[in-house]
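Next, two complexes with chain A in common: one pairs it with chain B, the other with chain C.
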Partner chain A sequence: MRRRLDVRRLTQYGVVVVVAVTLNFLLPRLMPGNPLVLIAGVDVGLLSPDERAEIVARVGLDVPLWKQYLRYWGDIFTGDFGYSFRSSRPIVDMIWDRLPWTLLITGLSLIVSAVAGVILGAISAWRRGTKTDLGMLSGMISIESLPSFWLGMLLISIFAVQWGLLPSSHAVTPASGLAGWAHMWDIVSHAILPVVTLSILATPGVYMTMRYSMLETLGEDYIRTARAKGAGERRVLFGHVARNTIAPVVTVLALRIGFAFGGTVIVETVFTYPGLGRLVFEAVSGRDYPVMQAAFLVFTAAVLVANLAADLLYPLIDPRTRTS
Partner chain B sequence: MTTAAAVGSRKPWRDAAGIDANLLDIENLAVRFELPTETIRAVSGVSLTVAPSETFALVGESGSGKSVSMLSVMGLLPAPPAFVSGSIRLEGREIIGMPARELKRIRGRDVAMVFQEPMSSLNPVHRVGRQIGESLRIHRGFTKAAARRRAIELLDRVGIPSAPSRVDDYPHEFSGGMRQRAMIAMALACEPKLLIADEPTTALDVTVQAQIVDLVREVQDEYRLAVVWITHDLGVVAEIADRVAVMYAGRIAETGSAHAIYRSTRHPYTSGLLRSIPRLDRPVTTRLAEIPGSPLRVAEELRGCPFDARCPLAGEGCSEALPELEDVGADRHGSACIHHHEMSDSSDLWSEGSVTGEQTMSGEGGDVVVSIRGLRVHFPVVRGLRRSGSGVIRAVDGVDLDVRRGRTLGVVGESGCGKTTLGRALVALVRPTEGTIDIEGNPIDHRSGRHRRVVQMIFQDPFSAMNPGMRVGDVIAEPLRIHRLGTPEEIRERVSELLAQVGLPTDAGRRHPHEFSGGQRQRIAVARALAADPEVIVCDEPVSSLDVSVQAQVVNLLADIQAATGMALVFIAHDLAVVRHVSHEVAVMYLGEIVERAPRDQLYREPLHPYTKALLAAVPAPEPGVLDAGTRTRLVGDLPSPEDPPAGCRFHTRCPVAVEGLCSTIEPALTEAAPGRWVSCHLVNPPGQQRP
Partner chain C sequence: MTTMRRFASSKALTLVLMLGLMAAACGGEDTSSEEVSAAQAQAATAQSEAAAAQSEAESAQAEAEAAASALAQAQADLEAAQAAASAAMEGDEASQSALADAQAALEEAEQRAAATAEASEEAVAAAESALAEAEQMLDEAMMEQEAAAGPVTVRAAITGDEATLNPYTYISGFPGWNLLMLQYDSLMQLDAAGIPQPWLADTVSVNADLTEYSFTMVEGVTWHDGQPLTAHDVDFSVDYYINNVEASRFARDLRGVEDLVVTGDYSATFVLGSPKAGFELAALADIPIIPRHVWEGVEVPSEHDFGATNIGTGPYKLVEYVEGQSYRFEANPDYFRGAPAVEELVVIVFADDAGAQAAIRTGEVDVIFERIPPEQIPLLDAQDPLDIALGPEFTTQMINYDASKRPFDDVAVRQAINLAMDRQDIVDTVFLGAATVGSPGWIHPEHRSYNPSMIPVYDPAAANALLDAAGYVDGDGDGVREFDGQPMSFEIITNAPDSLRLRIAELTVEMLAAIGIETSVAAVETGTWEQAVWPEFNVNNGRNYDIAMWGWSAPVQADPLRLPQLVASIPMGGFLNLTGYASAEMDALSAALPVESTEAGRIAILLRMQEIIAEELPFVLLLYPDGAYVYDSSVYSDWEFIAGQGIVSKLSLLPPSARP
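Now for the complex of A and B:
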């Protein structure tokens, strides 16, 4: 059976992209105040009219809005996000520097939280109403309510400050000159605390979805049919419950990816981790609008890609959603 | 089978047959559910036996304990909350207390089960063939390939056309009837000795139900199966059962051969059930016999007869002691009624109205209130979860109808024929694609609330059709408030009046819908529909979700209200007997079109359209031996898709008398075949004689 996304679905994605890019283009232009003040600082009054015109032309503000808009699209397709107000570096380079670190910790934390959430949720649902279930449920609700910065700082104070087991900040030890396996371990040891923090925070969401979805499935008539056929518990669980349970969980996981990127802003800041989240934090505190814009576009792209993946995956799990 | 033989026989009722001869032997079964808030005694003191190759019907209303009893035979009740005691022996082996590993070996191999809802009972993510072969893989160690081969044979056996190409389909690609056939194939896979069928035809249309009943009978002979058929439908029971047990409130009220149960009824509840259902083979009466009250839910240990409060024979001794099953006749006929000797084969405990006059002319009655002309309602197709629209479903496709004041128009047809959409269009809940609906000469207004005062609706499921957060008084008062009909004081008075009119106490208005039983809730729905004093009430399957003993109450209530107010009713239902009972005129729908319309008695006495004939032939009569199954015409297959209706006559694909070349090419028009009788069939109105 061939599977493909239909035109309507793809159009939806297209619309989301256009809206996101347009908002991204408009937001800084809707800000009050003179853009020159942002670019050149408060000393802008000291510049000559020629110098001002040159700056305006350099950042492309000398043409009508619609031309700026078209140029913005062109820039996106050519991968040109302009220059940072603060460091004057090309923003593309800054993002390429930061992206791998964020992908490392969000990727790992997604895997950890997905595995933990699915397994714990399944155990909880299988033993519904027991002490195990209620204990896990209340534990997860408590974790859900933890603030991320507080959890990050708690972990730092225990593992880095108290016991000195793991580094508390940065992605690698600065100027250590490490290479090979030592370098690898350096990266891993720096990633552990941020990954653990992100994982702990993301697990309750997966757990709740998994538990609820599995409870629903266990109450279905076809589970009774399977038992009536003489299927044992193992067969019921893996043959009939698992696949029906996992479908809604996949959707939730895809949505989580969006949250995961957003969550890195605080966690990377707490751990002074050089990822995209930290870049956003720096850009916000420095009013570095072009950097913020570019980072938001990357976040948007990540959410869309994750959703697309879920859309493509769903028909593999549930035949009812397949197009013939 | 004389009454004298039964009198005085007060010894505890015992099964006369030898235990060894029985396949299933249940003794003193009790099941209670210990819920956090209360304990429900779902089954108490049930004893019954099923012999090999026998068909045993377990009859009762919802909550009577019939399904629970049989689920405990399979050991499928979850403990907690269910606690099972007594004895269940299958071929002499005790099921209660059997270790899970042994129980597993019995399920699917010695006992198999078919459930009510074939769609939800099949796993949506597995192929049909795999699900059929699963028990062979579990019990017989079949390989995947061998199980698939056997699944194809089984699918073929249960009548799935071109089984080899359907074996790898998913359940959602099967129609309702095919799914139930697949469930039966699944149950037969390991050639069990006992098949438990839990309301297997309740979710199916009457024509498909007849096919499934036939199929079960065939395979029963072939596989020498014993069948326990759980149902509330006394018609189906009469058609198939050798022996019957009628359950009420978790206990057996009466048991015996099917013949004895129907002809020599010795329990007031059984006789009430038999009398309260309208029957096609009897004249229509003004009122149905009704059993008052609603079925009992047993939380406390019973001290007296559970039927006491609803029983016309209730008297001395009924509330003092729990009645035991006593022998009341030959062939193990038992009744749990201490007054059973007051009943005879001809006694009539339940009062019915008189036989009504003949309904002949369609033009009789008051002036036209609703006039529908050329009505079409088409819906865009959205298949799966997100396939874009390509075609249209022609739910209603060219319907002309008139509804007259003080009269009832019955609309019948299988599910998917468009009858519900027609009803919704009448109350302006869906917008017609084409055509007009005039109410008292004015075209219907789709601006919200405009025309909805004059047309009100009663829905199938009173549980979901009412906001659970509102008090009953507010539910009934809402139409009055929306249409600003009176001051708050007047509205309060009107609500009390309405509650009295539908037979509910005045204080009901202060309570919430969940505090009422299904029948009471449907009364509330009737009161709500009456509140704004409409001209027409559209009733969409108003009794089909209700218990059998309660259906008659609601049917009688609607008749009383029509007599008192002169209101027009549109009664949409799949149950031909109920429609016959309530209607003055009947329209039969097939795939969005009306194929026959006639005054009630003419239509039922002498149906003209082959579809009407087939529908009527599929209805089982609640009396054994009345109908000879072999001579009945059976419709084959299922309803075609309303997205792509067959060319020519829409019914020609299933019609037993279709004429090749004529019916498949030329669409017949609805033509007046006799005064007041409209039929769209080439064989009734040859094409040359049709007037447009």
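Now for the complex of A and C:
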């Protein structure tokens, strides 16, 4: 029984991977626009047919689509995605350069937003219907509707331009030659605003899930039973409510880890933060197909791994899902 | 009267106090505390003397008023001097002696004022001039201090990565090519007026039929690695660009070159297959000369690893590149025109304009190597110490229409559209004045080939009359004229990310409505827009639009000999003819232009071509956005604005004596 279930789940993942990879390949090519202008610049109209053919061949666009598709699968298995159209650099190097920065700010913001969301959501639900609850709820709804670029620019104009407390852009001071603790502080000070922006934007999702999940739990019969048998508020909260509430929150967090990568595109662009999100932005604006393919693949992998983790964690957290 | 006296004498006090402050300000880190306290003592003495002068001044009643105004002036002068002095970081003898001189002059003036009431006006004037002298001395002292203040580092913002910045990897025509050329030199170099001048070549001559361009080279120029530059490197560069499998801008510059005959270590002659005017601007001032000893054997230059730095002859060496983030250039102290004024240039990559503008406000960068949008000009200019460098640029904003199909194939329709456009209104409302009204003949009024008889006319009544006369009338009374039984109703396609262009499109809709042509704006993504206007960037693929907002980058206009590319019919070399316009006379002129041997003859052809463009309107040129660059004047302010090109060039970073 268990084995059959695992096989089915693996097949599902396999199908998702194939579909995602195919979309990663097709989407860039379905976008209107032409990478030629990127390579040849304003003089693109002056190219002779031979020069056009040479450029198209150099970037591998001269072969039929299905061959390009097979080549992409080959790239995935060999881990070599070739060179960027734009910068002529090996794409794997570009991804490895950018990945740590994205992991840094998404990781920190996930922790901050998870802690904040869970605590505030719990308080809100515990005091359901009070002014505190309604105030928090409407505050969170407002925050959720903030455009991320706007929030980022607001923070820049306050903390960087007006008060001069924090740098407005980049992950380190460019060409500063800093080392040791000064370098560490440089990284931290540059990460603060992007992390705060991402955390503010991610908190309402966690908060909402926590609040609703907890409200649902509070209405369950076994909570009433626990209270009826004389359990203290503290024991009800931690022994009964919290344990039953946490499962959906973990799922939401796991999914967020996957989607957090995609969420960095705009924030990293506002802060000129050298992560994967900005790489994608640059690649899309420049129709840099191979970079788009490779970066989308990383995003896809993040979502799938996070899903898988949620699938595996769920039975551990919530024994009710172990059977059936 | 008493008030006035008090005012006058308090001014004298303020003056003396400020001299004291100056002394303190001049005493920077390197000044010993004795010097500072000596200056303070001097100030204190001067202060007590001024107090004495005050009681004396009280006796000189009639003259006090005149003294008050004169001293107010002197105070303003001194304030400037004080600001200058406080900008100077280190105290030195010059500023100390300037201070002493100023004090002496002031004392002298005061004594004279006290000695005789009649002479006091003269004395005030003398004091004033003495103060002016002191201010001048302080200025000089400050400049000396600035020169001795250590290396100047300029941090510049750009808004896109430019890869490793060698001739095969740099990305954009601007500012990528400009940054490339900080490391390399070409045989000629544009001067501030945008005209090519000898550079690595010290003489350039051309034969009568424009087929041989000979040059001799400056001797003693070395590459960054110390090897000498010779004509053999030029020979190698030309061969390399022409014969390498990878296409490049420089191979296109060199089209038509049959051979480069090296006639000595420092002289050579380009031999062209057919006459070519303007080879100086199109090729000699564009092509970076690369070192044979480094590039020999490099087969795929875009993917070749050249190691730590690019070897050129230019004023800067690229010493550090972090992909997507920054470049660090170090000055080449042995540069053949003289060591650069800016010792270190850090170029920082931002994701967009907004990021770069925030960074110059916070002081993270000192200059932005991109044009700033019109609405930002007054905002940034208002912030101290930011300044704006303004000048003409040869980029364009224009209306394209498909002139190969109905109704735009009728010159009357094109002329009516031209007459309906209120260019001044667009310049004022969209660009807030930071643009130049477009010449209907295409060429910018500040360009040396401009035809001054090209005057844009805004006359919707005449436009309506023209359309009426040509039979485009509103038969069904819906306010929209008809052609061939269909309403004159079209879509104006534009690229959404360009908000200025979008606003021009919206104004165009209103202006065309006034002459009975109905339009709507379709704002689409840039790739979609390009694909409609210029499918596959090949004019032979036709056009998929009715009306489009369009614009060309500066190089298309900067070199007037490229005009045939825009207006010759497509089979006759109109590579950039996006409207499908064709005219026999224009084709004949286009063919004659590149083989015309004299500058005067070429200008005559260009003037005629502008007349035809203004008459037949292959497109409607609306305006030229002005170039506006923001920089921090407290860090570096010696930016050179090359007409049509802006401030991003080696000229800006070299001392004025080394510029052409």
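In this text, the second predicted complex is superposed on the first by the 270 of 324 C-alpha atoms of A that agree within 3 Å, B and C clash if a C-alpha of one lies under 4 Å from a C-alpha of the other, contacts with A are read in each partner's own complex, and residues count from 1 in each chain.
Quick note on the criterion: a contact is a pair of C-beta atoms (placed from the backbone, for glycine too) under 8 Å apart; a residue touches a chain by one contact, two chains touch by 3 or more.
Source: prediction; values computed, not measured.
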Task: Determine, under the contact definition given at the top, whether A:N244 touches first (chain B), second (chain C), both, or neither.
output: first
Task: Considering only touches as defined above, state whether A:T130 meets chain B (first), chain C (second), both or neither.
output: neither
Message: Quick one: is A:S142 in contact with chain B, with chain C, with both, or with neither? Answer first, second, both or neither.
response: neither
- prompt: Which partner does A:V7 contact after superposing on A: first (chain B), second (chain C), both, neither?
  reply: first
Dominant toucher of chain A (residue count), chain B or chain C: C
- prompt: So, does A:P319 touch the first partner chain B, the second partner chain C, both, or neither?
  reply: first
Message: Just checking: does A:L46 make contact with chain B only, chain C only, both, or neither of them? Give me first, second, both or neither.
response: second
- prompt: Along chain B, where are the residues that touch chain A in the complex?
  reply: 74, 76, 104-109, 112-113, 115, 117, 120-126, 131, 134-135, 138-139, 170, 172, 183, 186, 384-388
Message: Per the contact definition, I'd like the list of chain C residues that touch chain A in the complex.
response: 155, 160-161, 163-164, 168-169, 171-173, 245-247, 249, 251-252, 302-303, 320, 322-328, 346, 348-352, 354-355, 358-359, 361-364, 525-528, 530-531, 534, 536-539, 552-553, 555-556, 565, 575-576
Field: Residue numbers on chain A that touch chain B, as the complex places them
entry: 6-9, 220-222, 224-232, 235, 239-240, 243-244, 317-323
Field: Complex interface listing, chain A residues touching chain C
entry: 31-34, 36-38, 40-47, 51-52, 54-55, 58, 83, 86-89, 94, 97-98, 153, 156-157, 160-161, 164, 167-172, 174-175, 268-272, 274, 278-279, 281-282, 287
